[in-house]
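After the structure tokens below, expect a handful of questions from me.
Order of writing sets the labels: A, B and C. Residues in every chain begin at 1.
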Amino acid sequence: MSRAARERYSLRPTAQLRRRKLVNHLMEAIGTIAALAAVAVLGLVVWAVAKRGAGALNRDFFTELPPTFGETGGGIANSIAGSIVIVLVATAMALPIGVLVAIYLNELAAPRIRRSIGLVLDVLNGLPSIVIGIFVFGLLVIGHGQAAWKASFALAIIMLPLVARATQEVLALVPDALREGSLALGVSRWRTTLGVVVPTALGGIFTGATLAVARAAGETAPLLFVSSVTTSQVSWDPKQALQSIPLTIFEFLESPNPEDHEKAWAAALVLMTFVLVLSLLSKAFLARSRRKLAR
Amino acid sequence: MAPTTDTIVPVAPIEVAQREQSRPAAQREVVFDVRDLSVFYGKSPAVKGVNLEIYRTMVTALIGPSGCGKSTFIRCLNRMNDLIAGARVDGKVLYHGQDLYGQGVDPVSVRRWIGMVFQKPNPFPKSIYDNVAWGPRVLGMRKGLDDRVQRALEQAALWDEVKNRLKRSALALSGGQQQRLCIARALAVEPDVVLLDEPASALDPIATSAIEDLIHDLKRDYTIVIVTHNMQQAARVADMTAFFSLDVHEDGSRNGILVEYDETQKIFTQPTDSRTEGYVTGRFG
Amino acid sequence: MSTMRITFQEELDSVEAAIQEEGDYVLRSLRSVLNALAQNDLELADEVIAFDDEIDRHYFEIESRIQLLLARQTPVAMDLRLVLAMLHTNLHLERMGDYCVTIAKLLKLAGHIDPDAAMLDAFEEMGSRAEEMIRVALDSFDRRDVDGATSLVDLDELIDRANRRAVEHVLELGGDPEYREWGLRMIIVSRCLERIGDHAVDIGEQTAYLVTGEFREFTDASHQDAGR
């Protein structure tokens, strides 16, 4: 209450404080600009692709086959079918193995093994996709011919570390207290993992899977070698070499026909939309798994 | 004017007849016979040379300052220490005469009969029903699951509060309710012994009181061992009390030891060891 | 939350019931010794002395149980006052029992002498008054009735007066040495009955303490000033 106390504990800002406040504002401004720039980049990409590709989007685009040489119209129905098959088969290969690897690493492996295999996965993650493409080409295609499932195999190699690492991270987030609670009931380790740990981490596992699928859907390099000599019919047979959307974009752009260029943009739009939807979906799964783990 | 004759006839103090639970030592059935038990984490001993017997359908409390091995000791009774890398157990723990750490003994079946409830409630992120039914389902007790779940929840004094929302998530319950749910979960597999590691320390006083009343009911059917840092709780709830303390050596190393183990009424009215007296009177922690 | 701490509440109720039962035993002892006095029955006096073992047994058991209640349940507030009040009441009842034994022993020492009728009447009157006081004291304790407890002061007044009259009467007896010995003994008997009344008042004070939380002596007959 006294004047001395008021002066001693003054609430008015000092010069140093005013300087700090200025610096604060400056940093905030810089941060905001950087964030806006990042948003702008994505916005530009989306806008550019949408603008150029939207024109060619119609029902035919999704249902028709590509036009024979010189003709107009048509669509990329075969590419869509092919992409679906290739990605589905790749997911069927990569997802179970990736999840099991993660379970092994997190629940059962000794710390040293965990570190070594983790390193292997990280290296695998960084392998250029074209190297993987050549590898699969050399291993499976030379002398045997191309096939969609072989492309799936290549994509699965790309997806595996993504699924495994994401699953491992979310398994590690499951509190030990839950495992202890189950073990203390006289339940075995394996049943505990399957019945308590994995269900709790399910949201995070879906997140990892979704992101892996998004990545695989857009990979082009392996498809170049392994599934490029294709029919222009719609086929769902994985033993055949099937057309895929990324490859279609590539081929359309190489064509002299300007209409094909438009189709390339449209195909890019389809692919981008697919990846965007998957990314949003993965975020939703993440939020769900956070809710489950939150106390 | 005071009376001149001797008015009080000398009478020897009569042994007080307590509730039916307290019986002379010779009549108690031994569930755990612990002989010279020591636990090491790596090289350093956490607790050394523990000798005691746990009796059937009684509540045995382990009290003492923090860090003197109470939790370490109780986790030996259901081999939960196996889960800690580098943990080693010396000495013997006989459970109904069987060596708990003997060759060929599967820790999973040990925990089937000796359940545990932890300090912080840890319900599974499943529904209330599934939390309680999980253990029995996995262990093959599928018949009459609904009845089993209800019985367990009734024993844990939680049934009335949750009977209309069994399918809701267990995480929506309050702290005290979650802990009672964890108790129900442990009871659902019909164990022989229930170990409680500071079950009420994360709860408010009213929830604590509910747990204490619950323990009083449970000891009719189960053997209960409880670790508590709240000695008044031990005084209220336990039939037998074991006091652990720290043994500090000249080289500075320290480990937990069992100082005194006796009937609770003795520990809190006339402890034998001065360290026990110092601890329960609050003069020395 | 009346359903909490069931064990504790049950034990409190049980100890209180034991106190009431001890009170019944004391009443039996008192009535028996009064009858022994009236009929000069020395065998009945022996029974009273033997019966005190029962009262003592109750006393020690209640003491032990209260010790355990304090050690194990850490009672506070009303619970603590109840436990302490029971502790004191237990002692007062036991002392009453001892006074009955004293009367019985004195009767045995003086029983060979023919009693004075007036004294016996006085004893019966004092004794009945004491019995009434014990009943009122225990009943007020049971019902937590402070007014009932305070009324004990007036009853005690009556016993005190009867005691003074008894002393005067003995002094009047004078002469005969045998009668003098008897008289001395009977003064002590009278004093015992008066002390029993005092202990009943003490129990009443415990009831008041239990309800109000204040330690207070009731205004008694020996202090003529008004209470604080």
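Just so we're on the same page, a residue touches a chain if its C-beta (ideal position, glycine included) is under 8 Å from a C-beta of that chain, and two chains touch if they have at least 3 such contacts.
Just so we're clear, the structure is a prediction, and the values are computed from it rather than from any experiment.
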Seminar exercise, completed: Of all chains shown, the one whose Cα mean is least distant from the combined Cα mean is B
For this session: With centres defined as the mean of C-alpha atoms, identify the chain lying farthest from chain C.
Result: A
Problem set entry | Averaged-CA centre spacing for the pair chain C and chain B, given as whole angstrom | 46
For this session: Averaging only over C-alpha atoms, locate the centres of chain A and chain C and give their separation in whole Å.
Result: 91
For this session: Please give the residue numbers of chain B that touch chain C in the complex, ascending.
Result: 1, 3-5, 7-9, 11, 13-14, 16-17, 206, 209-210, 212-213, 216, 232, 235-236, 264-265, 268-269
Exercise. What does chain B use to touch chain A in their complex?
Worked result: 78, 80, 83, 108-113, 115-118, 120, 122-126, 134-135, 138-139, 171, 182, 185-186, 189, 191
For this session: Please give the residue numbers of chain A that touch chain B in the complex, ascending.
Result: 175, 177-178, 180-188, 191, 195-196, 199-200, 292-293, 295
For this session: Mind listing the chain C positions that touch chain B in their complex?
Result: 1, 3-8, 49, 52-53, 56-57, 60-61, 64-65, 67-68, 71-74, 98-99, 101-102, 105-106, 187-188, 191-192
